[in-house]
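Below you'll find a set of structures to go through.
What follows is a pair of complexes built around chain A, which joins chain B in one and chain C in the other.
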Partner chain A sequence: MPHFDELYGRKVTYRRLMGLGIFSALVLMIPVFMRDFYLLEVLFLCHYYAILACSWDLLTGYTGNVNFGHAFFVGGAGFTGALLNLHLNWQPWITLPVGGLVAALFGLVVGSFTLRLKGPYFAGVTFCFAALLYKLVMGASQVLGGEEGLFGICGLADTSLGNYYFSAILMLATVFFLYFLSRSPFGLILRSIGENETACESSGINTTFYKVTAFVISAFFAGVAGGMYCHAQMHVGPELAHDSLSGLILMMAVVGGMGSITGPILGAYLLTGLNESLRFMGELRLLIYSGIVVLVVLFAPKGLIDIIGKAKVLAGIRMGWKINRHEAKLKAYD
Partner chain B sequence: MTTLLGILILGTVWGSLYSLIAVGFSLIFGVAGIINLSHGSFYMLGAYLAYTFMTVLGINVPLSALMAVALTVLVGMAVDRFCIKPMRERHVYVLIITLSLAFFFQELMYAFYGPYGKAVKSFVVGEIELGRVEVSYQKVLTLLVSTVAVSLLWLFIKKTKTGKSVAAVAQNKDAAILMGIQYERVYLITMAISAGLAAVAGVFIAPVLEAVPGMWTFPLFKAFAIVIIGGLGSIEGAVIAAMLLGYAETAVSILVSPNFTDMVYLVATIFILVVRPTGLMSKSLAYK
Partner chain C sequence: MSKFFGGVRAVSGFDLEVSRGEMVGIIGPNGAGKTTLFNLITGFIRPTSGEIWFNGHQITGLRPFQIANRGISRTFQLVDLFKGMTVLENCMVPCYSKRGKSRIDKGKKPWEVALEYLEEVGLAGRAKELAGNLPFGELRLLDIARAMATEPEVLLLDEPFSGLDEDNALMLAAAVRRMHRRGQTMVIIEHRLRDLLQLVERVVAIVFGEKIAEGSASGIMNDPKVMSAYLGERGA
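And then the complex of A and B:
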């Protein structure tokens, strides 16, 4: 049973801040050394998917309620922002938060009705909402652009470099927030809901409230990411609400490691990088990609973060460090 | 009048097709307690294998159909044994692995056959006219085959010893174990049946719709909707709900617009889950 200090104490918090700090420094410093535009564009995508995967993980990784329709929030906010921009000429610094809030509102409405349901039902209903949005977009071609989507949205920053930094800062802000949220008492409650919801409820915790809150927060960040993507591409299309996006986010989070905000970041970087590096394979690209995902899920169901954690423990034992079981188990929280 | 007759006939055809897919899905959920997201892939494999055997290799129709279904059943059993079995404890992992497998199969078909639809010739050519509504023989054949298949399944479950063991595991797995039933074998059999039914649906619908790599998503989620509406674990409920969906979709398609057909099951799912989560004929609770 972890001691309070081990979960929230000063030493742990410093260690976490250090970890995140190093990561932030790396992310922010990359363009100083590498100015290749293609790389910056790819990393932009990595950041985008990282935000999506982390926000998805907050609900599903912790409470175990699989959300099959994350694209609902991404697309919903993306289209809202696009419409606000096209018709009312609102700029990105407004449309992004508004998009996020709209997505959060969607999350509130959908979540309060559906989070009472058991796992598979919740999964199905989230898919249905996303699919409905997709059908709506395809159907209402006049307003929402149909298959081609809407063009002419104002851009995010004027250069690839600007886009990169914008996405990097947004991603780091999201990650910091979600990381510390998940390591807080709130996150602990979410995790216990995932482990055994009945026991949690008998402790007097209103699990629905926590689940809905997690869903709303998850939706907010997904929405902001969606808005960011739309402005950067200066185009919004139905693919932002398509189930393949939901599936992709899910796979990134799973490959990286659900239930830890750091896992999905790893998954996002890894899978986006994999996608790009396999381009030379042409038609076989997605086959190999999905094959790798299947293999990872089969052999490392807890994700690569878990494998890395286990490797660290093993390496530590080899090197004679004193790793007691207690600390190794604690890794699960960090 | 003709419209109503058309809706009834076409709705029955589509409903019977959906019931083939949904019954397998419901069976696997009722027995093994898992949502098999690669169920749609079995349907897709059935269609593509039918195309391969019939059009590419030119093998005659009955043999091709048999081989396509048999191969898909083998794939289904392999999926169960190697991919799902290690993950059975945590349902989340089953969802994820089956979803990843579904994507993998989609990309496999894409790699082999490309993104364009593959057409298969109708098994029987010609149309029959029922009161001024023209229905192709293929569709009638589909209706016949699905009715026979579902009836055979029902007989299997109710009358044969193996079928009863399947029902037993669905009712109470621990009690079934105490009765000496090997549940892993039952899971395998259930998956085989489930995959087989889906493959039959795929094979028979291949001449009607084209075979595209993405064809697994909508049958899967429609099956999900049907099973939710009809109640998880209930075969009768699945059949009834499937027919209902068939009629509803056909009615919407004819009366309103074909664009809205795919929204019927979405709206129905959401509505049912918000209003009556236990479904129409369910044996289990959707609430906690």
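And then the complex of A and C:
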């Protein structure tokens, strides 16, 4: 069945690898042409938010179960890594994966109890867990530093360039993994859960297992990103567990385009860049930033990645390419 | 088996046996408890009392996916599909269930397996279409193909002819007959008695959650209780 090989088999894998390969080359080559310290710091933030937004998208974007507490994993892993570094002198190459595993374990416990329920319970519980962690950090000032957080954590790399490449490689590894996972049978099942969980269960699929697995993977990557951020800043504070971080991640995924993995990357780069470029506006910055986000959501409710996909189809049709509209819709998943 | 929703008796003391390879019809007026019966069998709701046995094992209380993997699959009265996914993907999803995986494990690609089920119902040519773009009759066929993709021992069809015009009804009836000739055990709920009685061997009538009559397809409509249920006391 060669025509289905183009949709699900080897040929589509090569096409996707090419797209991701070009993106990876661009990311890795940027410092060759631009060595500005400030730009590297901003791009570090873009990579950090891209990991958070993509990992969030794996569960929420595909299954529709909204996670309002992604900051719980970011902050939880960040503080775990910081404590291990400060008290046991563990280095980032250990604290990052350990932080990720701790976050994944919490994801397993929280998800196992709440993801088997239908309705808004999962969203509510995730919000509460993040809020609990924030209160704990603020309250346990002796151990967790309170409002000021913990200082003196060892750095990630010796230079901004080192931090940039560390974040770039971690981001690319995350994106590659999540992208191919989302296009695999696992991703197909997640999509079907998001479409119609009842039909999915009646088709013999253990939907709770898939949702919990997606949540654990999502938590792991968020935890690793949190640890990376803390080591790069050499500081961890309560803002890492604040619900505003969860809200920002959600906004990035929505603006970029949920349920695609590539959409949240676009959202992360765009909103981080926009936030930085509007700094000179002072108090107007928040107003303009919020206004732009609202406009994008109003005129591109499926995200900017959907607009780009439709533009590609229209451009193809105008150039006389024989594109079947339905195939074009399928290609938008690529 | 019984099911009560508060004070409302949806199914009461219902008892049904289905043999391998049989095609049984279930009829009854609206609100009789027919779909509730299917929901009880497939685990979407739990009985208030009673047990459900399948192939010598009790399946009462199991979750829907567990019952589907035991070999009971169903379609829904209001077509329940993955409308944002392609026709082919709709049939690929069940292929990844514990029961459906056996065919993939033997070396076949998932889309090849899914395509076979689509060919069974005449939808192979629509494989790349989005399910949401299909006309209603083809959605019903796709729902059957999706249910078949779990390789069930028993297939429960909930009002498959509902909303179909004459041509689509004939197409569906032909597909159902083909599956039955291959030995598929089926239980069909249907209001369109003319379409149902031409297919099934035995019919069970249910009113207010209770079985009121059971008999052959040709004789059931002459049963006074069935006539009374459909036409009122004077009609009987």
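In the analysis below, the second predicted complex is superposed on the first by the 326 of 334 C-alpha atoms of A that agree within 3 Å, B and C clash if a C-alpha of one lies under 4 Å from a C-alpha of the other, contacts with A are read in each partner's own complex, and residues count from 1 in each chain.
In this section, a contact is a pair of C-beta atoms (placed from the backbone, for glycine too) under 8 Å apart; a residue touches a chain by one contact, two chains touch by 3 or more.
Predicted model, so just to flag it, every value in this text is computed and none were measured.
Of the two partner chains, chain C is the only one that A:Pro185 touches; chain B does not reach it.
When the two structures are aligned on the shared chain, A:Ala311 is found in touch with neither chain B nor chain C.
In the superposition on chain A, contact of A:Ala131 is made with chain B only, not with chain C. Shared-chain residue A:Thr198: touches chain B and chain C both. In the superposition on chain A, A:Pro301 makes contact with chain B only, not with chain C. Put chain B and chain C next to each other and count what each touches on chain A; the higher total goes to B. In the superposition on chain A, contact of A:Tyr121 is made with chain B only, not with chain C. Of the two partner chains, chain B is the only one that A:Gly247 touches; chain C does not reach it. Residues 198 of chain A contact both chain B in one complex and chain C in the other.
Chain A meets chain B in the complex at residues 60, 64, 66, 113-114, 116-121, 123-125, 127-129, 131-132, 135, 139, 197-198, 243, 247, 250-251, 254, 258, 283-284, 286-287, 289-291, 293-294, 297-298, 301. The part of chain A that touches chain C in the complex is made up of residues 1, 4, 7-9, 185, 188-189, 191-192, 195-196, 198-207, 324, 326-327, 329-330. Those residues of chain C whose C-beta lies close enough to touch chain A in the complex are 42, 44, 63-65, 68-69, 73-74, 76, 80-86, 88-89, 92-94, 96-100, 109-112, 115, 127-130, 133, 146-147, 149-150. Interface residues of chain B, counted against chain A in their complex, comprise 29, 35, 82-83, 86-87, 90-93, 95-97, 99-101, 103-104, 106-108, 110-111, 114, 217, 221, 224-225, 228, 232, 259-260, 262-263, 266-267, 269-270, 273-274, 277, 285-288.
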